[in-house]
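We just call them A, B, C and D in the order they show up, numbering each chain from 1.
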Amino acid sequence: MRRIRTVTSRVQETPSTVTLRFFDDLPAAPGQFVMLWVPGDDELPMSLSFCEGERGVTVKSMGATSAHITRLQEGDKIGVRGPYGNQFDVAPRHILLVGGGSGTAVLAPAAEALVRGGGELTVALGATTGPELLFAERLRPLADAVHLATDDGSEGYHGFVTDVVTRLITMQSFDAVWTCGPEVMMSKVEAAASRVGVPVWCSVERHMKCAVGICDACALGPFHVCQDGPVFPGATLRRLEEFAHSHRDPSGRKLPFGSPPPTTLPPSS
Amino acid sequence: MRRIRTVTSRVQETPSTVTLRFFDDLPAAPGQFVMLWVPGDDELPMSLSFCEGERGVTVKSMGATSAHITRLQEGDKIGVRGPYGNQFDVAPRHILLVGGGSGTAVLAPAAEALVRGGGELTVALGATTGPELLFAERLRPLADAVHLATDDGSEGYHGFVTDVVTRLITMQSFDAVWTCGPEVMMSKVEAAASRVGVPVWCSVERHMKCAVGICDACALGPFHVCQDGPVFPGATLRRLEEFAHSHRDPSGRKLPFGSPPPTTLPPSS
Amino acid sequence: MADLRTRVGALELRSPLLLASGIWGESGVSLRRAYDAGAGAVVSKSIGSEPRDGYPNPTIEEYGSWGLLNAMGLPNPGMVAYRGELAAARQGGAVVIGSIFGHDASEFRTLALAMAETGVAALELNLSCPHAEGLGSEIGGDPTLVTEITRAVKEAVPLPVWAKITPNAADPAALAVAAVAGGADAITAINTVRAMAIDVDLQRPVLTHGLGGLSGPAVKPIGLAVVWQIYERVQIPIVGVGGISTVDDALQYLLAGASAVQIGTAITHGGAGLFSTLNAGISHRLDELKIPSVTALIGAAHRGTQSV
Amino acid sequence: MADLRTRVGALELRSPLLLASGIWGESGVSLRRAYDAGAGAVVSKSIGSEPRDGYPNPTIEEYGSWGLLNAMGLPNPGMVAYRGELAAARQGGAVVIGSIFGHDASEFRTLALAMAETGVAALELNLSCPHAEGLGSEIGGDPTLVTEITRAVKEAVPLPVWAKITPNAADPAALAVAAVAGGADAITAINTVRAMAIDVDLQRPVLTHGLGGLSGPAVKPIGLAVVWQIYERVQIPIVGVGGISTVDDALQYLLAGASAVQIGTAITHGGAGLFSTLNAGISHRLDELKIPSVTALIGAAHRGTQSV
């Protein structure tokens, strides 16, 4: 059911990333996402970065619509439907959280639920540059350690967060890894963790239209990310040729990750 | 919701009246009716003469469809929707039950609920002739007295049951009267009872099509018998010019009670 | 407090919520009950030249909370007997719209003359009942006949004429255009959507007539599309109907282009009280949206949207 | 155990339940998932000559359990890119029906030739999408074009051709008759019903495209009426679709005259498991009714009923 909500607050989390909060009363769990409609513009899947009380999404300015979202202000109206999808299992264990870029958005509420339930948390975050590290301060009080990595070395480890993870996972023992970020990153995390027998849960993104498991836009192997995911066991993903290799554009064509979008006829010609 | 049910038993109650039982699980209360469909024939409103366990209707052969119903056998299929309408208030009191002809069908389950709840019951039944007296044996164990009247004097008082009621109501004190039968009869019962200040509840019949309060076929003053009734306070009915005077035919024309139906164009000409 | 008044052409209405034709329409007292409960006007049952019993039962199939299927078959007491009901309805000042149906322009004209004499505020032409041979949508699906019938009625009576059109058409808006060509003062849309119920146990259709018309919440998205498309094609007012049961349903029709709306099936669950509840609800909702009046909403969803 | 097998013309199907076009149709693996779950066959997404993104979101509006509105805008990767998906779908023996759409007979013919090369078991012509300019029901509403397109495809390829017709017509059965005139081997009915959603807070249409098509339980009574009417007019098999989510829904379509049925929107709630659940349920229900086979039900509700 779609509902129109008013943005109740806006927080600039990083130079490119903004959190918008809004009132909602449908039950939501960490890992789930909503379809967020910017009236007059597009509708995009967005993970809930806050699942209780005033709900929230944390959006990184990427293309035109996400940039538009980050410019929304308190009092602006947005359309919301969902929450959709499955959730992270927050049963108390020792979890290594690995967030890349805006991927940390979906992991933060899961981390809070984990720790509240008595679980243990270690955090590794990566970003292009220091100021872009998302939710480091939100996670710090929950974690026994917060490891940071930046591409430009401006904060924490100089390099990929995957390097940090590869090291951590052999030195410390974790019950499971949660990760969200670029698919190539998640794939490396999965490889590192599976080598030492630690199960990994990845939150995956695909182009979405219906979000109710019918249109096939989000097809990933035999799964629909909108209904069967977005959280998948790494072991399942590893067996899919598409994982970290290809996704589908709005027409349904498979594209390798990182390739420029092909030209496509406008819809009504 | 319409459902197709199988007739589980058939009992010949009087020479012209038959009870059919069928399984159903929707809650039903004394006073309510169902729309009973004889596939290939018509669908008619029928009070529930049994509201618990296997439900039942008790049907008097009048015209073609009711005659058809009385010929149905165990194993035959009927369509049922409902129950619809309001109910008798069966709070424990001393009730005078006045049934005329097949009208007793709807009163019997109310009487059972009344007595089970600790109420007191006196019964007056009328019919054209002795064998047509309906549910006298069903009611006898529940009542302090069962008064009978027949038009031909073949059983009980020779004359109208209304004469019996007029006498009873001045000799004994009742908390309320329940009645169902020909409208002229109910009107006389209402007049007699209101003279001594006893409230009356009448179960009224009108032509019905939708049974969901929309088509207006069953209009009676400002009421719809299917939704606001079929059980009305006598004091309400008394104020309506139609009560005991006129009803509507399937086209919506008002007809005085007892007049022959006017000719009407076939539906699709 | 937002202003609930609206107008359909010259006809001023105290509320945009009208009672739809065929609902509570056999008895004048029932019509008046709806008006007294707050309806802006009430539309009569569709009346023909002669009494009609309609189809034998079953005439109705219920679909829980989302729909109702009916093939009543246009039961009505005929124009002569119906005068008394209209008189009863108009007692106390109810604004009544007289609905009529016929087989051709001349029957419509005769009925219009008779209906006009009863003092109704406007006429609604039923060109859209989906389940009556030689009537309703069977003639109302032909633009030429729509124009011809509308014109015949307009020439005969000085009343506003509303043409009620069918959604069972490739291009319902073309039928509205045809009604405009005949001089219609307003378009009512939609009537029920052709539909059917079949029972598996009995291996037969449920309704005696077989085919019927679907109404209720399920047809709201369909009715909205029809009203939207009509609004893009004609200049005369539109009366929206189809599946309205909530405040927002009614406002959606206004936004799509309706100047007023009718309520039918929802009366099943809401009773007459629905009119007062929805009137209050609309007023409250408009205040919340800071919109001063119902009329400010009419067609507003077309603004800023390209033609769709 | 009742026999679930049926046939649509020469095509034998292990189950009467097919996956409808546009559902799980972008990816060959998804199509195969439906087949592996028990579908009798799967219909591909409607494929055009070139890749199409479809309309921007929002493309969907949900109506609780009773309906879904969509205006996807026929997104598809184009015939060339889709070959790989079809190959993936047919791995393991899935019976695939290839759906195509085009602007005119010659585009349909070209696509049919390309589709036929992929090894599909039959072609379905989308003459009925209600929300794409110059495509779908805009051409499929014209009986002459329906005949012309069907004939062009029939002449080009040796495969069975199913014409999928629109319910947004005054007389959908006339479109089926037109398809028969063009040589169609079967009729698929219905596509979605033209509909729309409007938001009151925003005072605007919800779908980017404005108009869309309604599917799900709400359209079942509408689809049944269309299939019923087609069955009375044509001799070729009918594939029923629209709002099927339960065993009895499917059987109702068979009774109305369908030789097989397709399932679309219900997949939202049922997932692939719906096919195995419904197959088992149909088998059980037929045993209960003492009916030996699915084929015994086809058109059975017409027996003993006068034409309605």
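Following the convention adopted for this analysis, a residue touches a chain if its C-beta (ideal position, glycine included) is under 8 Å from a C-beta of that chain, and two chains touch if they have at least 3 such contacts.
Quantities reported herein were computed from a predicted structural model and do not represent experimental measurements.
Common neighbours of chain C and chain D (chains touching each): not present.
Of all the chains, the one whose CA centre sits at the greatest distance from that of chain C is A. Work out the mean CA point of chain A and of chain B, and you get 66 Å between them.
Computed from the mean C-alpha positions, the centre of chain B lies at a distance of 36 Å from the centre of chain C.
As a whole-number value, the distance joining the C-alpha centres of chain B and chain D reads 50 Å. Those residues of chain B in touch with two or more other chains do not exist in this structure. Taken residue by residue, chain C touches two or more other chains at 61, 199, 201, 204, 209, whereas all remaining positions touch fewer.
Under the stated contact rule, the graph of chain-to-chain touches is a line, running from one end chain to the other without closing.
Applying the touch criterion to all chain pairs gives A-D, B-C, C-D.
Every residue of chain C that touches chain B in the complex is listed here, in rising order: 22-27, 29-30, 32-33, 45, 50-62, 64, 68, 70, 72-78, 81-82, 85, 132-134, 199, 201-202, 204, 206, 209, 264-265, 267-268, 271. Listed in rising order, the residues of chain C touching chain D in the complex are 61, 63, 66-67, 69, 137, 141, 166, 168-170, 193-201, 203-205, 209-211, 214, 217-219, 221-222, 224-225, 228-229, 248, 251-252, 255-256, 285, 289, 297, 300-301, 303-305, 308.
Those residues of chain A that touch chain D in the shared complex are 1-2, 4, 35, 37, 39-40, 42-44, 77, 79, 81, 209-217, 219, 221-222, 224, 227, 248-254, 262, 264-268.
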